[in-house]
Amino acid sequence: MKKLSLAKLNDFFAAIAAKQALYLPVNNKVGKADFTKWTAGTEMSKALNTVRSAKDFFFPQTENLMDFKMEGKNIEVIDSREECEDFVVFGVRACDAASFAILDSVYLVDPVDSYYKNRREHGTVVTMACGKPAETCFCGTFGIDAANPAGDVTVWEVADGYMLRANTEKGEALLAATADLLEAGDEKAVEAAQAKTREIMAKLPLAGLTFDGVGVGKTKELFDRPEWKTLSESCLGCGTCTFVCPTCQCYDVRDFDTGNGIKRFRCWDSCMYSDFTLMAHGNSRNSQVERFRQRFMHKLVYYPDRNNGTFGCVGCGRCLARCPISMNIVKVAKTLGGNK
Amino acid sequence: MQDVKEFRPTIVAFCCNWCSYAGADLAGSSRLVYPADVKIIRVPCSCRVNPLFILRAFQRGADGVIMAGCHPGDCHYTSGNYFARRRMTLLFSMLDYLGIERERTRVEWISAAEGAKFAKTMNEFVATVTALGENKRLEDLRCKK
Amino acid sequence: MQEMMKNRAYALLENGTVDRVLGWTRGEFAYDMTPAVFRNADEVKNGFVYNDFCAANLSKYLVKECRAGGKILVFLKPCDTYSFNQLLAEHRIKRDMIYVVGIECFGKADVEKIKEMGIEGITGITAKDGIYTVSTIYGDKAIKPADVMAERCLACKSKKHVVYDELIGNEGEVVEDCNRFDMVAKLEAMTPDERYEFWRGELSRCIRCNACRNICPACTCEQCIFDNPNSGVSQKAAVNSFEENMFHIIRAFHVAGRCTDCGECSRVCPQNIPLHLLNRKFIKDVNTFYGDYQAGEDPTAKPPLGKYEKNDIEPGEAGGAKE
Amino acid sequence: MQRIGVFICHCGTNIAATVDVKAVAEALSHEPGVVFSTDYQYMCSESGQTLMREAIREHKLTGVVVCSCSPRMHEATFRKAAEKEGLNPYMVEIANIREQVSWIHKDMAEATEKAVILGRAAIAKVHLNKPLKAGESPVTKRALVIGGGIAGIQTALDIAEAGFEVDIVEKQPTIGGKMAQIDKTFPTLDCAACILTPKMVDVAQNEKIKIFSYSEVESVKGFVGNFKVEIRKKARYVDEDKCTGCGLCTEKCPQKKVPNEFNMGFDTRRAVYIPFAQAVPKVATIDANNCTMMKTGKCGLCAKLCTAGAIDYKQQDQIVEREYGAIVAATGFNPLKPDKFNELGYSTCQDVVTSLELERLMNAAGPTAGTLLRPSDKTHPHTIVFVQCVGSRCDVENERGKSYCSKICCMYTAKHAMLIREKYPDTDVYVFYIDVRTPGKNFDEFYRRAVEQYGVHYIKGQVGKVVEENGTLKVQASDLLSGEQLHIDADLVVLATAVEPDKSARSIATMLTASMDTNDFFTEAHAKLRPVESPTAGIFLSGVCQGPKDIPETVSQASAAAAKVIGLLAKDKLTCNPCVANSNEMLCNGCSSCEKVCPYGAITYSDKEFRGPNRTTLIRRVATVNEAVCQGCGACTVACPSGAMDLKGFSNRQIMAEVDAICKM
Amino acid sequence: MNTETLIPYAGIVTEITQQTPDVKTFRVEAPGGGKLFEHKPGQCAMLSVPGISEAMISITSSPTNTEYMEFSVKKCGCLTEWLHSMEVGQMITVRGPYGRHFPVYDELLGKDLLIIAGGIGLAPVRSVINYVRDNRDKFGSVDIVYGSRSKDDLVYYKEIVEEWMTTPGFNVHLTIDNPQEGWDGHVGFVPNFVKELNPDLKKTVLMCGPPIMIKFTLGGLMELGFKKEQVYTTMELRMKCGIGKCGRCNIGNKYVCKDGPVFRFDELDELPNEY
C-alpha cells in the first residue's frame, strides 16, 4: 500500500504523462466527466463517473481495420494496424473495471481480436474506489465491490491524499516508476474509506437487488414472456443504452470509399437498431420488441449461459440515467424476475 | 525538399441546364477565360441541388461550392429557383452559424445570355476561395491523400 | 392533476370512446417516468402516473399507435400539441383514431438540475404546495420547482394547446415575450471562429446513438437516409468531425420548417449537446427571412420551404459573417 | 459493372489544340469499367458516329462517354447513334471539354488535367446510369374551353377548324362574354356586336363544338392528354333541346322587376329571360330566385304559353362527365367594383358610372336605345368627366385596387370620349389621367385624334373628390402640369375601373393544378417563350385570365392557345420525358412535402397496402408521380426528407458520383 | 500469411459458371495459384468487394480440391449483384474459413447418408458430397434428394448427371415443383418426395434449403421415425465478423458464425425460435 499526498497528485500525473499518455476523468464544457488526455493544468473531475464508459480505450467507437487499394481488376489489401503506444487510464470505477473482464471474454477468446488485444496489452488501468455511489448504482448485484475495484492499480481517496495498491505487474511497474512521489501507506485509512462507501451503498435504493429471476438456463422460460411487449412498447430503438454501456460489444464493419481507396472500419453497433439483423433477404428481428428482447436476453441469459453465470452487466447505472424513455435493465430484470 | 505548391482550390459549380449551363457554354464560345479549378455539374434545375451534394463536395475535397440557376422569375420550371433560393439561404446561414466560412458557398443567377457574367462570377469566386485557403472546417481527412 | 387524468382515462375507456390510453407509468426512481400504453382501467389504476417528471412528448408514438388500429387517448402538454399538429399536417397520424386530452403544463422538472445542486442518493421526490421535497439517503432537501425547471421550459414558447378534444386544467396563451432565441442570437454575434470552436466543442461529443433522431417527432421517416445504404450518405458512426457535422446539419435541415421546437432532442442527448440550438437557428431564420412561422400551429399552413415569395432574400444577403 | 467506351473528340483543333486528347484517352482508359478508350477527329461526323457504333458492337459496351462539345450541342446526336446500335440512349453521357475546357483554358497541361477530371465524372455517372424508356400516354382528341367569351370562342373555333372536338363551358346562359356588352371597339370603332355575333353563330353551327352554357366545371382529374372533367349543368328549368328561342315566355312572364345584369342593372328583365337578342344558345332561362312559380308554386304561365313544352320546373342540376386531351382556361375578367373609392362617389351618386356601364348606356341595344342619358334623371349630360386608373396601378398596401396596369382603359376612354364628342358635340369631356398609355397599332393616332380632332380635355391629374350637389357632380381635381386645383361641375362621371380576373378563376386553377400569381392571373409556363401554356402540361391560357389585354390581343392569344392545343391533339400518343421523378414507395412517408413544391401537380397520393414484418399488412399513404405530367425539375427530390423521391437520369447517387469524381484528391 | 482473421486475402476469380438464371458459381484462386486457405466441408467464407459489401457465403467446393475454392452465389442483394456482374480475372477478397463443419471426420464416418437440398441449398452440401466422393471408402451409401422450382433452377445439373449419378453407391433423386416440357423426372415438392422415398431410418440426414422446405421435410422425417439427433442442417444468417464477436448472428447462447452454421436439430431446439 502506497500513499500519494494530495499536494503531489499533479506531480504524479506529470510523471506518468512524461512517459506515456495518461487519461483521466475531466469535466467537459457541460460539467460532465469525460476521459481526457492529461496535460499540465488538467484538473481531475470530482464526478462519480464518466458519461461514456472506459470501454472506449480498448473498444473505441470507430477504428480503421484495414485499407484496400483498387486498381483495375486488382485489389491490394493493406494491413494498416500499428502497434499501440503505452497508456494509462486513471480513475476507472469498479464497474467499468469489471466490464473489461466481460469484454475480454469476448475479444480475447479464440480467435483473438488483435485490435483489442493490442490496446489491452498496452493499457494500464488505474481504478479508483467510489466515495459516494449514486442511487443508480447496483454493481453489488454482480458481486462488484465499489470500495475495492480491480485494475492494475487501485486507488482510494482519503482525507489528505490517495492510497494506492498495485494489483498486477503492470501496476507494480507504474508505481515503481513513480516511487519517488509515493510514501508508505496505512491500510487502516483504506478500510475506513471502504467502510464509508459500503455504508452508503447499503442505503441506496438498489442495494440488495438481485437478478435471481434471470440468468443461466432461462432461455425457454423467459423468451416468450408477454412482458416483453409492454416493456419494449416505448423503446425508441436508439443506441443510447448500448453506447453508454461498458459491456456492450457489438460492432458493425463498414467500408468507406475515400475516392482513393477503401477504408474498412468498424464501429459500435446496437442490437436495438432496426438494421442490426437486416440482410439481403430479410430481417430476422423485425420488430422493436424482438430487438429489445435480444439486448436484455443477451445480457441476462445468453451471456451468463456462455460465461459461467456471469451477467453481461456491471451495474454502472449509465443506462438508468441516460435512457430517453427511462427503460432499463433493472426494470426489465425486476419485471421478468418478479412474477415467476 | 519539395516545393511548397501554390494553393489551387477545387470548386464545384452546380449549373442548371437551361440558363447557367448555357451561360457557361456562352462563356466558352466567347472564349472568356476563368480558372480551370471550376468544374461544372449539370443539373436540370437549381432546385435539384440537395444540400447533401454541397456537403458531399466539401467532404470529398472541394474548397468552394457555387450554385448557379436562372434568374428568379425565369426558371424553366417556373418556381424551381425560388425553392432553391430558400433552401440555400437556410443552408448557408446554418453553415455560417457553425462557423464555416460563408465565402465558400455562393449562389448566382446567370442567364443563358450572360456568358460574361458567368466568367466574371467564376473568376471572383475562385479568387475569394483561393484567399480563404484550404477547406479545413468541413473536411473529411479520410478523403485526403 | 394525475387523479383528474386517471378519471378521464377510466371514463373514456369505459364508455368506449377509446380502447387504449397513452400516458406515463412509474419508473424505478421518483424521476424516471416512462411512456406507456394502458389497455384497461386496471392498468391505468395500477400504473398511470403523472407528475412534473413526465417530460416525454408522446405525440410521436401515435405514428406507431395509429397503425395498430383502434382509438387511442393521448395526453398532450401544450408543446406536444404542436408536434401533434405537425404530424397531422404530414399525414403521419390519423386524427379520427386519436382522442386528445390537453393537459395544462407548468413546466417540467429536470432531475439533472437537482443532481447538479449536489443532491445525491435520491430515494424519493414529493411535490406539495409548490415545493419539491427530495428525500435522499443523506436526509431531505426542499427545493423550488423554478430552480430545477428544464431549460426548454424556461424558454417556453406557448402554454396554449393548438389542438385537443378536451382539456384538463386551464388553457394558456402563446408566450409573447419568449426568450428562446437569445442563445442563437448570442452565437450569431460571435465571430465565425468562435462559433466554429463552440460547435466543435459540442458536436465532437456526439456518439451517434441516434437518440435525438429517434425521439424527434419530426423524424418519422419510414427509413432515415442515414440508415439507408442506398442513399449514398448512410453513416453509422460519428467517425470524424465531418460526419458529426454532416449528420447534425442534415438532420436540422430535414426538420427545418417542420421542427416544433419541443426540445426533446436536447433533453435526451446523453452527451448534453444543445441540439435545439441548431433547430432554433432555422426557426429564427425562417421568422426573420420569411415572416413568423410556427410549425404545428396551423396544420393547414404551407411550410416555409414549400412556398416562396418572388422577392425572397438572396442567400448571399442573409445573415453574413460578423467580424 | 458497366462496360464503358470513352471517345475523345478533337473537334478539329478546337479541342485538340489545347487538350492532349491522346493523354486524356489514355488516362481514362484506366478508370474502372472502361474497356475501350479512343480519340477521334470529329466524333459528331458520320464516321465518328460509326466509330462509336462499331465500338459498342465490338466491345459489348453498356455505357458510353463522349468527351466533346457541350451536351446542349450533340448529346442528342450521340444518343441517337447509340440507340441505333441497340444501346439505350440514356446510357450515353457527355463530358464538355470544349466550352468548359479547350476554349477557356490556355495551358495545355491544365486543360488536359481538367478534361480528364470531367471525363472521370461522366464515367462515374454512367456507372450509375440505368436504361430509361420514355413512357407514352394516349391523347383524347377533344379539348375543353372554360369560358365562352371572345377568347374562348376564338380558341374553340380554331380548334374545331382543325377538325377536333371542342366543348365550351360557360357559366352564363349565353356565350359572348364581356365583348357582347361592349358598344364599339377601338381603334376602328366598329360595332362589337356586329363582329362578335357572327362568331357566336359560327360556334353554334359548328358540329365539332358543343356548348355547355349555364354550366360550370365541377372537378378535373387526370393529366395531359387524359383529363376527366365533370361539368355541372345548372338547372335552367327550360329544356334546351325543345326551346325554340321564340321569346314568348320572356315577354309574358308577370315578374318584370328583375334587374337586367346584361344592361348592368340599368333596366329590368323578366324572371324567364334570354340575356340578349343574339344569345347563343338562344334558349330561355328561368331565374329560380325570382320566378314566382319556383318560389310559391303559383303561376306557371310560361309553361302554359310554351308551345314547345320546353318549360320544366322540376329540372335538376346535371353532372356530365367528359374526357379531354387539353384544357384551355379562358375565364376572362370583370371590372373591379370601385366601391372602395369612397371619394369618387360610385356608391353614393347614381351618375358616377363605370366604363362598362357607360358602354350599355351608349349601346343601341342598351337600356336607353343608344341615347346617352344620365341614370338619375335620364337627361342628357353636358359635362362628362372620365377618371382613369381607378383600381389600377395602386399601392397594394391600401388594398383598394391592383398594382398592375389594366392596359385597356386608356384606349376605351379615348374611344368613349371620341364617340360622345362626335354624337353630342355640345358636351364637354374631361379625362383625368396619370399617364396615357397607347402602345399598339394605330393606338396613339387614335388617342391624338381624340385630343386634337375631337377636343377632349386631357388633364394629367388626379380626381380627389366627387360629390353630388343638386343634381350636379362637383368634381375636385388637381392639374399636375399647371399645379392648379380644378373644380368641374359635371353631369356624368365615368370611372375607368381596373380589370380583375373572374372570381371563378381561382377555384378553376386549383382544379387544374395550374399556378396563379398573387393577382389571380394564371401563370404562363414561361413568361417569354411559352406565354399561352400553363406550367401544368395540357393546360393552356387564352385571354384576360392570363393578364389584361384588349380584343385583338385576346384573339391572337386565343388562336395561339388553339394552335398549341391542336399541336397536342394531333398526336396519337404523348412521349413523356424519361428523366422524371419517381417515388420509392418503401421509403415514402406520404408527408406531402413533394407535392407542395411540384409546379405541375404531378404528384398524387394514395393509400397502399404493404407487407409488414411477421406477415402483417400495413396501409400507408404514398406518393405517385405521374410521368406524363412530370417535367423533371427535381424540386421534389430535395423536399423529400426520406430520400424516397429521386430523379431518373439525375439521381442522387449519380450527382454524388460526379461530385466525388470532381473533388477526388 | 495473414494472421488477423478480419483481414481478408485477395483472390482472383478464374472461372464463372452460370448455374441457373440467378445463380453463378465463382472459382477463386490465390494470385499465385492454388487455394487461398484450407477448409472443411460445410464451412463458410466471407466474400467481399471492398466498397460494396461483405457477405458470408458457403464454400461449395470440396476440401479435397487442391487447386481452387468455389462459391455459388444467388443474386439477392447489393454484393451478390456486383459479383454477378463480374468478369473472369477480377479480384475479390475472401476471409475464412468460418464456422462448424459437417462432422465428416467423425460422426458421419461409415454412415449411410441422406442429403436433402432445395434450390441454392445444395451449395453448402455439395462440399460434403464431393468430399464423400473423394473418400468413397469411408462412408456408406449416399442418397441425394434435390429439388428446385424448375429444371433451369437446378444448380450443378451437369455435375449431378455426369458425376454424382455415376458414382457407385450414390442415388440421386431430382424433383421440380411443377411439370415442365423436357422433364421426365419427378415432379413435386421436396418434403413429399422424401416421404415417398421412405428412406431407411438408419441414415444420417444432412439438409439445407429454404426455411419452408426445412420445416416440412423435418416434419416428414419425424413422421417417418427419424430422430432430431440424426438430422443436420446448416443455417445462414446475417453475419458480419465471422468470429463470434460482432453480435449480429447471436441467437440464444450461440453465435451462428462460430457455433454453427452446421447444427443438429436437437441443438436447435435449445435455441429461442428466431432463426
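In this document, chain identifiers A, B, C, D and E correspond to the written order of the chains, with residue numbering beginning at 1 in each.
Rule of thumb we're sticking to: a contact is a pair of C-beta atoms (placed from the backbone, for glycine too) under 8 Å apart; a residue touches a chain by one contact, two chains touch by 3 or more.
None of these values were measured; they are calculated from a predicted model.
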Relative to subunit E, chain with the most remote C-alpha centre: D
Identity of the chain that, by mean CA position, is farthest from subunit A: D
Distance from subunit D to subunit C - Cα centre to Cα centre, in angstrom: 45
Intercentroid distance (Cα basis), subunit E paired with subunit C, Å: 51
Centroid spacing, where centroids are CA-atom means, of subunit D and subunit E in whole angstrom: 66
Two or more partner chains touched - positions in subunit C: 225, 230, 233, 239, 305
Residue numbers of subunit E (touch at least two other chains): 53, 78, 87
Residues of subunit A whose C-beta touches two or more other chains: 70, 252, 256-257, 259-260, 269
Touching residues (chain side subunit E, partner subunit A) in the complex: 2-10, 50-55, 76-80, 87, 89-93, 237-238, 240-241, 243-248, 250, 252-253, 270-275
Touch list for subunit A against partner subunit D, complex: 70-72, 257, 259-260, 283, 286-287
Of subunit B, residues touching subunit D in the complex: 10, 12, 17, 21-22, 24-25, 27-29, 31-34, 36, 39-45, 47-53, 56-57, 59-62, 73-74, 76-80, 83-84, 87, 119, 143-145
Complex contacts: residues of subunit B adjacent to subunit C: 51-52, 55-56, 58-59, 72-73, 79, 82-83, 85-103, 105-107, 137-142
Residues of subunit A touching subunit C in the complex: 28-32, 34, 51-52, 61-62, 132, 134-136, 200, 203-206, 230, 233-234, 236-240, 242-244, 252, 254, 256, 265, 267-270, 273-275, 320, 322-328, 330-331
